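Presented sequentially are two complexes of chain A, the first with chain B as partner and the second with chain C.
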Partner chain A sequence: MDTVTLTIDGREVTVEKGKTVLQAAIDNGVQIPYYCYHPGLGIDGSCRVCIVKIEKLPKLQTSCSTPVAEGMVVSTQTPEVVEARASVFEFLLINHPLDCPVCDKGGECPLQDFSYSFGPNESRMEFPRRVFDGEGVRADVDFGPTLMLNRNRCILCTRCVRFMREIDTDPQINIVDRGYGSEIATFQEEGVHSLLSGNLMDVCPVGAITTRDYRFKSRPWDNPDAVDTICTLCEKGCNTTAWLKAKPEWAKGARLIRITPRFNPDVNDYWMCDIGRFDYRWIEGDNRLQKPLLRSEAGVLEPTDWRNVVGKVADRVTAAGGPSALGFLVSGHASLEELALIGRLGGTLGLREEGVAVGWRRREKPQAPGAKFKIPPVDAPNLMGAADMGFPVRPTSSGDADLAAFRGDVEAGRITVLYVFDPGPEGTLGDVSWIVEARQSGRLQHLIVQGVLMTPLAAAADIVLPGAAWVEKDAAYVNEQGRLQGAARAIAPPGEAMEDWQILVNVGLALGAPLTYTSSQEVRAEIAAGLGDNPRYAGLAELAFARPTAAGNWLKTSNPSERWKWDFMFQDLPPVKFVGKPGATSWMNGIPLTEVE
Partner chain B sequence: MSFHPLMLYDPERFQRSERRLLEEGEPFTFAPERRAALDELLTKYPPDRKRSAILAALYLVQEQQGYLTANAVRHVGGILEMTPAEVEDVATYYVMFFKEKVGKHVVQVCRTLSCALAGAERVTEALSHTLGIAPGETDPSGMFTLLEFECLGACDRAPVVMVNNEDWHERVRPEDCGRLVEDIRARGPAASSGCHLRIERP
Partner chain C sequence: MEPVLTRYIREPNSYTLDFFLKHDGYNGLKAALGMEPNAVIDLVKASGLRGRGGAGFPTGLKWQFVLKDTPLPKYICCNADESEPGTFKDHVLMERNPHLLFEGCLIGCRAIGAKVAYIYIRGEFFHVQKVLEAELAKAYAQGYVGKNIMGTGFDCDIVIHRGAGAYEAGEETALIESLEGKRAQPRIKPPFPAVSGLYNCPTAVNNVETLCNLPSILLNGAEWFTSLGPEKNGGPKLFCVSGHVKKPGTYEASMSTTLHELIYGHAGGIRDGHQLKAIIPGGSSVPILLPHELEIPASFDAVAQVGSMLGSAGIIVMDETTCMVWAARNLLYFYKHESCGKCTPCREGGDWLHRILTKIENGEGEMRDIDLLTSIGSNIAGKTLCAFGDAAATPALTTVKHFRPEFEAHVREGRCTVPADWRAARTPVAH
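Let's look at the complex of A and B:
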């Protein structure tokens, strides 16, 4: 690797050749503010706040667009730089409305933070601000199905334009007009239609692009906790952070308030898709299963208690008339722990190999053909893990789950007791209407569903066991790349619902299996011991799960690779204030401007 | 393309921007000879850089229908493999592309420093008086549009009036304006052939 040594603020630093001065500064903890630069996007050099003095160059340079050179001497804190930078901030705030108290970005806004740290104390501007579409929230206009746009707040950094051009590769956002009249827009105000649109809110350094989902819902200081976890809605396994809103026990509304992507260069970079970002409301929705349900003599599902229901499961399974009449349909959403326990159950019961099937849903996600962030079609986070654990992951030629043989067994009445395990959101098990039909027609005598939502499948079941969604349990998954990752427990399962490994252990004990696990960690340790020769599972026993972290420290403590954000985007920087009156030391002052008749 | 039941997309429910949009206009396709001219031009660029011909393509649109419409932008985008948003980005950047209907002859008066000092404002007033329209307007007959422009690059011959993005009329005095307008009205583009670009071109 070729390196270049340069001096920044009197410190000698060595960085990879080809990096820019700004990247060199970031890598070495030198504080330079920036807006238009984003590590995941191309360089633009339009915001001008990253200007630095480079010796032997006549003017101040934008550090984001200046490549490092051997022997370069850069200064970021000389009076010249500090004053020029303050002037840029003064310009950025000429038209930016100071509506931070009602702006959704308030509290986590780089423009706010940097203006405090680097900007002048006051503005000299006495002119009316440029206004698009009205003052205040009247300026919030439609920007597609997921977003709102406030052009008054926009500082024209063009990160959103570049995101659409470079990552989404379907450039739908443009800048219309030029100079003072420039504004961010979509053609004919059609809005942004993309499954990656949520990232535009992330890249926006001000409150110009906000999501409809999070708008007016919470402020950063209302979200005391953040939990580093992963998304399990497809086989990609994007690294994410789940944000928890503070609310008293009795208050209405959800605790899980938003999900944001977390940088992982090997999996999802800085991005995530809208499905993972916005499809979380069901977790704390009204349709969750909260109590074990048992179909009564009258044919109605009635709430019962766990002790009773587990005993009933054991009775039904034992009464099935031997292992050949027993079937397990497992969703691709099952974690390694759950699969291991189902394996143990099957072993105890002497289940036939054909008695187990793995189901999932496959659907192509509409995306531009060249998109740099691809959303995979299979909505199951752990198919690779299931295959490694010896479960029959059988795709058809189209990539869907091949359940033909299993379905045949159920429909022909060869399987009389079916245990469906589906901890994913509705529909992710694929088509299950055939099970409902088999149960209703009586060919299937008993249906046991362990799941999270009151789906038509659960409604048709004889016994319903309420489990936990992926943010409600510590569980390990193996994504499409074969990468082992853990989804952490951010909130508790609702009502009497339990983590799925506990349910499976209880069912196993009721069936007489010698299970001694007291935590999911013990299950993982055993899997790791069993799969010890597979390097993929090397870290399984020691897999760490994040706990809620105070959001104030989250960027600092959670993920070392997120340090860049903390250091440079959401920080309370020590002020490098320009002191003195704006313009007082400027050469412009030497030319008095007077009004001419 | 909303995928989430809780986020149904109904533009009517949300606040619409007041931004001035391009007219939808008539369905647009290039006339065969203009399409041929564009295709000929495209051979000069690598196949993956078709977008380089955007300015030429937009000029061809104006040649055909005088101004840009949303349908024309979509058509150009389709040919050059750009999204309509990208075409609009370029089209709105340049002032010589008209985003709303203009008259047959667009009379543009330079108002930047040299011309202003040489009396461009007087010229604008005279043209405005002759045509009976304020700068920025089109006369009721649809014949003339009067616009004030920034520097047209002929400072040595100020003040300058440009007609149809093409012909300069230099050292225009307010008293010449009536004759200029009458001339264009009578002879059309031929009236503009006296300007220096035509003379100095070999």
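Let's look at the complex of A and C:
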């Protein structure tokens, strides 16, 4: 690696050649603010807050657009720089509405933080602020199906414009008008229609672009915990963070409050798609399976307890009359652990090879042909893992799951007991209406469904085993690149639902399989031992899963170069300056105000 | 000095190809085609020709910087955006002497190895565009532009592109963006256009008047050109004198001519019964000069020496009826309206300056507003992406610097105290 050594604020730093002064500063913990710069986007040089003094150059320079050079001497703290920078902050705020108390970005807003740190203490602006759409009435507009746009808050950094142009490659956003009248807009106010739209909220350094999903739902300080995990909604496996809202047990509403991308240059960069970002509400929704269910004599699914239901599963399987009458349909959402246990189960029962099938859904995602972030078509996180584990991953020529033979066996009544393992969101197993039909017509005698939602399939089942969604269990998956990754348990499964590996162990034990695992980690260790010669699984036994940690900030995880900003932000603010004691008329007796010098 | 560029512009047919050919037309190009491209660059360097668009950068040097060692095509972009207030020289050349510009473009292309020149013409110059297009068609038909020019085997096209009417499109990188079909907003430099310009290819952006000087340099030589003016400020120059003079207009003169001569000689002096108050020598973007500062040559260097700039050589003359608060506000209205809005200080600060000036002019100003003008102006200047920011801050800074008592009087009296002329006497509107 070619390096360059330069001096920033009297400190010698060595960085990779080709980096900019701003990147050199960020890498070395030197504090320079920035808005238009984003590590995942092209350089714009327009916001001007990153200006620094570079020796030998007459004017101040924007550090984001200046490449480092050997021996360069940079100052970020000279009075000239401090003053010039403060003046840019003053400019940035003269028209900003400062409606932080009702702004979704409030508390995790780079404009707030940097203005506190680098801006002047007060503004000299005394004129009415700029408002769009008639005195603020319609400044807040729909910005497509997933987003809202508040133009009054926009600082015109064009990160959103550049994201659409450079990453999405369908440049739906631009600035219309010019100068003081510039505003962010889409053609005929149609808004943004893209499966990558949520990233615009991430890149927007203010509360101008917010997601409808998260809007007004929570504040940063209400989300004390965050869990680093991965998304399992397709074969890409984007690295993500799941955000948990503080909530007493009895309170209504969800704990899982949002999902944001986490930087991984090898998988998803700074981005994730809207499916992974927004399709999580079902996890704490009303349609979740919370108790084991058993079809009664009267033909109604009724709640029962685990002991009873596991026994019933064993009875049905035993009654099938031999392994050839038994079928397992496994979703591509099954983790390595779950697959291993299903494998053990099949082995114990002497299941035929044709008795097992793997199903998934495949959908082409509408995206611009040149999109730099591609959402793959297969909505399953672990097909690669399933194939490695010896499961029959059989795509048709169009890439869909080829279930023809298996379906034939079910429809012809050759398989009499079908065990479906379906831990993904509804529909991700592909078309299952034929199973429902086979069961209803009686050609299939027994249907056991281990899943997470009350789907038509579960509704047709004789036995329903409530499992866990991917954020409710520690589990390992292998993405389309063959990369082993773990999804962490961020919240507990609802009601009596259980982590799937446990259900499978219990079912196995009831069927006489000699299973001794007491944790999913033990399952992983055994898989690792079995697949020892496959380097892909080298890290499986030690795979670490994040636990909920005190939330820093979503930007901090989504974008490491934002990190120092948040270290900054979560420092305590200076104490409220209050002189004297609260007067007798103060009704807020409960709030102690301390006097500071 | 005998006019060189505008010698024939009063002849009824001066703009036609026939007329042009009878008066040495395309002979400069013929000379250039007989030379090695590098020799053309050397000749232009020796002539000391400096860009007439505003910055006065040596044209030969600019061409030398154009990357030669590249498989990429190269381009000449002729800057015909002429939007600087007080500037009206390029359109005279284009309207009355279009072939001179074509010839200049072709010589430039020959020098840097370009196969096409784009003439980016200001959106409002519809009538000029019509002349250019008609004459260009004739030049194509008679083999002066296009394939195998004058039988020499040299191919070169000229494309006329009319902008949408934005001052900022005159900034060279904004012009390039606009040519590419994007918003006319500047790019960060470096890279300079000479390295990465139009379609990211090496490009020279040259002003109309600059290019129009080339044919005569090719014909008469470098020495002749330098001899026409003071050292490093050679050649003929067009001056646009406007404002309170008897004969406003475009005048061709040597840069040895003093500002005083241009105003009192060429332009006939201040209108009767009035005295000179101030001038802006280089288009609206440069600092004011006072009456006692005019005995200097109207050259790039001499004007710079007294703290202003020759800029586009648009000399705006103001007599004692001009209210300086009004003048500043008038110009700031222009700048805040024309700011492209890309960078923060110019977008936000220009409008702020305009609001404060409006407030003072409306008689609602406070004393601290005057200091605020200076502070905001200095906060814009030097902090922006392109030179527009400096240009926008200048009218506020320079008027307060030279005419502070006038601002104070506005604040004190709550009205204009200058014996203002009809325009200044009008009640300003908010915006």
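Annotations
Definition applied: the second predicted complex is superposed on the first by the 546 of 597 C-alpha atoms of A that agree within 3 Å, B and C clash if a C-alpha of one lies under 4 Å from a C-alpha of the other, contacts with A are read in each partner's own complex, and residues count from 1 in each chain.
Methods note: contacts are C-beta pairs under 8 Å (C-beta built on N, C-alpha and C of every residue); 3 or more make two chains touch, one makes a residue touch a chain.
This structure is a prediction, so every number in the text was calculated from the model and none was measured.
In the model built by aligning both structures on chain A, chain B clashes with chain C.
Once chain A of one complex is fitted onto chain A of the other, the partner contacts of A:F91 are limited to chain C, with no touch recorded for chain B.
Contact with both chain B and chain C is seen for A:I175 once the two complexes are overlaid on the shared chain. Of the two partner chains placed around the shared chain by superposition, chain C is the only one that A:S65 touches, whereas chain B remains out of contact.
When the shared chain is aligned, chain B comes close enough to touch A:M148, but chain C does not.
In the overlay built on the shared chain, the residue A:S46 is in contact with chain C alone; chain B does not reach it. In the superposed model, A:F127 lies in contact with chain C only, and not with chain B.
Contacts of A:E235 after superposition: neither chain B nor chain C is touched. When both complexes are aligned on chain A by C-alpha atoms, chain A residues 174-175, 177-178 touch chain B in the first and chain C in the second.
On the side of chain A, the complex with chain C involves touching residues 43-49, 51, 59-60, 62, 65, 84, 87-88, 90-92, 94-95, 124-125, 127, 155-156, 174-175, 177-182.
The touching residues of chain A, when paired with chain B in their complex, are 132-134, 138, 140-142, 144-146, 148-149, 151, 170-178, 183, 185-189, 191, 193, 195, 212-213, 274-275, 278-279, 281, 366. Within the complex formed with chain A, the chain C residues making contact are 166, 168, 183, 188, 336-345, 347-352, 355, 372, 375, 379, 382-385. Chain B makes touch with chain A in their complex at residues 1-4, 6-9, 11, 14-19, 21-22, 70, 73, 82-86, 88-89, 92-93.
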